[in-house]
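After this come two complexes, each holding chain A, first together with chain B and then together with chain C.
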Partner chain A sequence: MFAYLIRRLVYVLPVAIGVSIICFLLVHIAPGDPLTAIMPVDATQEEQAAMRSAYGLDKPLPVQYAIWIGKAVTGDLGKSIATGRPVAQEVFSAVKNSLLLAFTASVIAFPIGLLLGFIAGYYRDTIIDRLVTACAITGVSVPNYWLGIVFVIVFSVQLGWLPSMGAGPGGSGQWAWDYAHIRHLILPSVTLAVVPIGIVARTVRALVGDIFSMDFVQALYAKGMRHGDVLRHVIRNAAPTALSVMGLQLGYLLGGSILIETVFNWPGSGFLLSNAIFQRDLPLLQGTILVLALFFVSMNLIVDVAQAAIDPRIKRS
Partner chain B sequence: MTAIADTAEVSEPVRKAPGYWAGVLKRFSKDPVAVTCTVIVVLLILAAIFAPYLGLNDPYKASMINRLKPIGYPGFPLGTDEQGRDMLARLIYGGRLTLFVGLVPVVLAFFIGSTLGLVAGYVGGWVNTMIMRTVDVFFAFPSVLLAIAISSALGAGIVNSLVSLTIVFIPPIARVAESATASVRSLDYIDAARATGGSALTIIRVHVIGNVLGPIFVYATSLTSVCMILAAGLSFLGIGVRPPEPEWGLMLNTLRTAIYINPWIAALPGMMIFITSLCLNLLSDGLRSAMNVKD
Partner chain C sequence: MSVTPLVEFENLTVRFRGERTVHAINGLNLSLQPGEMLALLGESGSGKSVTLKTLLRLLPPRRSELEGGIRVNGTDVMSLSGQALANHRGGDVSMIFQEPALALDPVYTVGEQIAETVMRHKGVSRSAAMDVALDMLTRVRIPSPERRLKNYPHEMSGGMRQRAMIALALSCRPKLLLADEPTTALDATVQIQILLLLRELQQEFGMGVIFVTHDIGVAVEVSDRIAVMYAGNLVETGSTADVIKDPRHPYTKGLLAANLHGAVKGQRLDAIPGSPPALERAPDACSFAERCSHATDRCRSALPPVVNVSGQHQVTCVLEAENV
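Presenting the complex of A and B:
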C-alpha cells in the first residue's frame, strides 16, 4: 500500500507542474500586454518600464515562471488588480463557500444517484430500468445554469418560498448554520446536484447490471447463498468504481460550479472567477484557476488511493 | 496480360455480403427514440441553415413598445425579448451559432485527438509518454474550468470559443483513441502484418483505423451535448458570442433580468439548449447500442 502511495505521488508531481505551467501561460496567451490591465492609459515610457521590471515582465518567460511558482509555493499568488488584496486570501475565502456548496450538492446527489443506479441495474431491462434511465439521461443533458434560472422562476418569483441570491440574509456575509442561511443553500445545491445524480445513476446502473451477469453471482446462488448476502458481494464489487466516479464528480462540482454560482450570486470561487473575467483581473484569474485545478488533482489522487485501499486488485496491477 | 484481365472481368461477380454499416443502420432505424432524436436534430440544423428563407421577422429589429410581449402575442408567436425583438426568429437564428460552436469543436477534436491517440497508441515508447502525459495535464482541469480559463484569457469571440472548446475535447478523445489502439496493436494480426513487411503507416491505415474509429466516433458523439452546453455556457458568462448576435446562452443571460416580468420568455432559450442536448445524448446512446460499442 505504501509503495503504491509513493508511486501515485511521484506520478502526480509532473501533472501538478504541468497544471501550474498552463495557469502561468494563461496570462501570456491573453492578447495584448499584461501591463495594459494594470497601468493607467497616460503612463509614460519610464513608468511603464519601471512597472515592467517591478512585475518581472522584462525577464524571459522561464525565469518569470520560476519566480511566479517560487512565490506560489509559499502561498503568495500576487495581488488582485481590482481590489489590491492578496489573491490567496480572496481565493481561500471563496473556496470555502464553494466547498460548502459542492459538499451539500454531493450529499444530495450521491445517495440518490447510487440508489437509482442500483435499482435500475438490479431490475435491468424492465420498466423500472427504463424509467430510471430516462431520468438519468435527462439529468445529464440539462444545462444546469438554465435549470437554476427555472428554479428561481418557480420557487422564488412565482411561489416566493426560497431566496434567489447570495449565501445569506446579508448577501455574502459570514456563513452560519441557521435557518436563514440554509434557505439560501437549497436552490443552488439542488441545481448543482442534478447532473451528478444522472452521471452516478448511469454509471452504477451499467456497473451493477454487468456484475449481476457475471459467473460468480451464479456460483454464489448455486451454492445456496441467501439473496441478501449475494447483494452484499455485488455491492462490494461495484464499490471501487462507484467511489471513483463520485470522487471525480465532487471535483467537478467544485471546479464546475462557476455557472451556478453566477446564476445564484453565490460568493464562491466560480463567482470570483467570473468577476475576475469581467474585470480582466489576470492575477486573480490565474490564482483561482490554479487553486481549483490543484484541488481537482488532489481529489483524483485521494480517489485513486482510496480505491486501492478497498480494492485489492488495483495494487497488484 | 490482357487475357488475364479479361477473364477477371468476365468471371461471375461475387454477391457482396451485407456490411457492418448496413447492420448498424438497420439496428439504428429500429430504435424509435434514436430516430426521433435524429429527426429533431436534423430539423434544428436545417432550420438554422435556412433561417433567412423561413419568412421570419428580423431577429435584430428592436422595438421599444413591443418589449417582453408574452407567448402568443399577435405577430410574435413566441413573444419578444427585452429589446422587443421577435423571440421565434431569435431562437431559430440563435441555433446557427449555438449549434456551430457546439458541434464544430467536437469534430475538430475528433480529428486531432484521434490522430494523437493513434500515434501514441501505435508507436508507444517515449512518443506515447510525451503525448499521454501532456494529455494528463489537461485532464487535471474539470472541463468547464478549462474552457472558461482559455476563453477568458483569449477574450470573447466565436473563434476563441471554438479554439478553447477544441482544446477541452482533444484530451478525452486522445485517451480513448490511445487505449483502443494499444489494445488492437497487441493482437496477432498486427504482428502478422508487420512480419509481412507492412510499414507503420500502411498498418495504421489498413488494419488499425477500421477497428478503432468506431468506438472513438461513438465516444465523440457522446461529447457533443456537453460541448453544446459548454458553448452556450461561455456565452452565458459573457466570454463567448458577443451581443447583439442571437445565441441561446447569450439570450438566456440577457433575459435574466426579465424573470420578474415575463419568466417563461426568459426560460425559452435554455429550453432550446436542453432539447438539443437531450436529443444529442439519446442519439449517441442509440448509436452506441446500434454499433455495439462497450464503454
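Presenting the complex of A and C:
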C-alpha cells in the first residue's frame, strides 16, 4: 500500500508539469492582447513596449514560462494586471469561497444521489426505478445556470425567502458561519448540487443493479445470508466505483462553476476566472487555471489511493 | 424401503411468467436417500438447474410459480419463509455453483466468506468461525490454508476457488449438498480432482448429494444413481450401472451414443437429431417424440406412462409399456 502511494505520487509530477505548460500556452494561444485591456486606446508604441517589458511579455515563450513557473513554485503567481493585487492572494480567497460552495453542494448531493441510486438499482425496472431515473436525467439535462435563475425568481424575487447575490450581507465580505451568511449559501449550493445528484444517482443505480444480478448475490442467499448481510456485500462491492464518481464530481465542483458563481455573484474561483477572461488579466488567468488544474490532479490522486485502500483487486497491479 | 428419503419431489411444477410463459418443470417426481449421490443429467434447458434451485427456493419469487411438494429431511420447503427459509439455506442444504469465480464475492477474503456463513448458522464467535474456515480449507486440501484464508477469490486459481467454494458449502455440515455443474468451468485434469474430492467428502460427511451435469462421463464417475431429464421432466431414473448398461429410453440411448467414449476414429458421432422443444405450453404428449425415431401416434397423443423396469429403474416411455 505504501509503495503504491509513492508510485502514484511520482506519477503526479509529470502530469503537474504538463498541466502547467498547457495552462501557460493556452492563455498565449488565445486571441487578444492582454495589454489592450489596460492601456489607453491612444497609447503610443513606446508606451506599449514599455508595458510589455514590464510584464516580461517581450521575452521568448520558454523564458516567460521558466520565469513564471520558477516563481509559481515559491507561491508567487505575479500581480493581477487589473487590480494590481498579488494573484496568489486573489486566487486563495476565491478558492476558499469555491471550496465552501463545493463542499456544501457535495454534502447535499452525495447522500441524496447515493440513496436515490441505490433505491433505483435495488428496485430495478419497477416504477420506482423509472421515477428516479427520470429525475436523474432531468437533473443532469437541465442547464443549472437556468435553474439558478429560476430559483432566484421563485425564492428571492417572488417569495423573498432567500438572498440571490453574493456570499454574505453587504456584498462579498468575510465568510462567517452565522445565519445571515448561511442564507446566502443555500440557493447557489442547491443549484450546484442538482447535476451531481443526477450523475451519482445514475451511476450508482447502474452499479447496484448490475451487482444485484451477479451470481454471488444468489450464492449469498443460497448460504442463508439475511437481507441486511447481502446489502452489506452489495454496498462494499459498489463502494470503489461510487467513490471514484463522487471524487470526480467533487473535483468538478471544486473547480468552481463559472456559470453558477456568475448567476449568484458568488466570489469564487469561477467568478474570478470569468473576470480574468473578460479583463484579459493574463497573470490572474494563468494563476487561476494552474491552481484549479492542480486541484483536479490531486483530487484524482486522492480518489485513486482511497479506491486502492478499499478495493482489494487494485492493490496488486 | 423403510428409510425416509432425504429429498422428495412430489409432482413438482415450475412455471416462469414473463413476456411468455415457460413451463420449466412439469410434474416431476423424484427422491433421494440419505448419503446417496444422484446425478441429474440433461442438456441445457432441460430443467435440471431449476430443479436444484427449488430445493433452496432460489428462483425469483416474483416471476416463478411453484406447485407440488418438496420435502427435505422432513421439512416442507414450499412453506418456508423469512427466518426459517434463511436457516434452511446453507444450514441443512447448501449449494456449490458452476462458476466459483462469479459465485464468490470478489471484495471479501475467502476466509471471511466461509466464516460469515458459520457465524450465521452456528452463532459462534468470529475467531471460532475462522478456525472452522481454516479446518475446512485443510479438508478440501488447499495447500498452505493459513495463507489462503486471507486470499481474495481473484488471487486463486479456478480449481482452488472451487475447492474454497466446496469448503464454504460444507462448513455448516449440511445434510444435502447441491452441486450445479461444479466442474464445467474447470480444466479436464482439475475436473477429475474436484470430482474425486466431492465423492470423498460426501462419504466422509455422509451427505446426500444432487449433482447436476450435462456430461454423462462425469455422471458415471461420481454418482450412485442417475436421473435423466428432458424438457422439464424425468425420462429415466435408475442406478448408475443400470442406466449405463441397460438404457431404456431413446433419449438416454441417444445421449450414450453421442458420447466420445467408445467412439471410433473417422466415424461420425451419433448426435440426437433436432433440438429440445420450446417450453411455451405444458406438455400433453411425449416431449421427445419429435426427435425420436421410434415415435408412434400414441407418443404424440398422450403423456407417456412411467414404467418400472426393475427395482429402482424407471422409464417414462410408451415403448417400455408395450414391452412389459
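We adopt the following convention: the second predicted complex is superposed on the first by the 288 of 317 C-alpha atoms of A that agree within 3 Å, B and C clash if a C-alpha of one lies under 4 Å from a C-alpha of the other, contacts with A are read in each partner's own complex, and residues count from 1 in each chain.
Assume a contact is a pair of C-beta atoms (placed from the backbone, for glycine too) under 8 Å apart; a residue touches a chain by one contact, two chains touch by 3 or more.
Bear in mind that the values here come from a model prediction, so they are computed numbers and not experimental data.
Chemist: What does the overlay on chain A give for chain B and chain C, a clash or a fit?
Modeler: fit
Chemist: Please work out whether A:68 is in contact with chain B alone, chain C alone, both, or neither, and reply first, second, both or neither.
Modeler: So A:68 meets neither chain B nor chain C here.
Chemist: Tell me the contact category for A:237 with respect to chain B and chain C: first, second, both or neither.
Modeler: The answer is second: A:237 touches chain C but not chain B.
Chemist: Answer with first, second, both or neither: which of chain B and chain C does A:312 touch in the superposed model?
Modeler: second
Chemist: What is the contact status of A:251 with respect to chain B (first) and chain C (second): first, second, both, or neither?
Modeler: In the superposition, A:251 touches chain B alone.
Chemist: Quick check for you: in the superposed arrangement, does A:216 touch first (chain B), second (chain C), both or neither?
Modeler: second
Chemist: When the two structures are overlaid on chain A, which partner does A:226 contact: first (chain B), second (chain C), both, or neither?
Modeler: second
Chemist: Counting touched residues of chain A, say whether chain B or chain C comes out ahead.
Modeler: B
Chemist: For A:118 in the superposed arrangement: first (chain B), second (chain C), both or neither?
Modeler: neither
Chemist: Using only C-alpha centres after the superposition, what angle do chain B and chain C make about chain A, to the nearest 10 degrees?
Modeler: The angle comes out at 70 degrees.
Chemist: Once both structures are overlaid on their shared chain, how near does any Cα of chain B get to a Cα of chain C? Whole angstrom is fine.
Modeler: Result, nearest C-alpha distance in the overlay: 15 Å.
Chemist: Shared contact residues on chain A, chain B side and chain C side combined as an intersection?
Modeler: None.
Chemist: Considering only the defined contacts, which chain B positions touch chain A in the complex?
Modeler: Where chain B meets chain A, its residues are 133-134, 136-138, 140-145, 148-150, 152-155, 225, 229, 232-233, 236-239, 252, 256, 259-260, 263-264, 266-267, 269-271, 273-274, 277-278, 280-282, 285, 295.
Chemist: Tell me, which parts of chain A touch chain C in their complex?
Modeler: It is residues 214-216, 218-226, 229, 233, 236-237, 311-313, 316 of chain A that touch chain C.
Chemist: What does chain C use to touch chain A in their complex?
Modeler: By the definition above, chain C touches chain A via 56, 58, 86-91, 94-95, 97, 99, 102-109, 116-117, 120-121, 152, 154-155, 168-169.
Chemist: Could you please specify the touching residues of chain A with respect to chain B in the complex?
Modeler: It comes out as residues 14-16, 18-19, 21-23, 26-27, 29-31, 137-138, 140-143, 145-147, 149-150, 152-153, 157-158, 206, 251-252, 254-256, 258-259, 262, 273-274, 276-278, 285, 289, 292-293, 296-297, 300.
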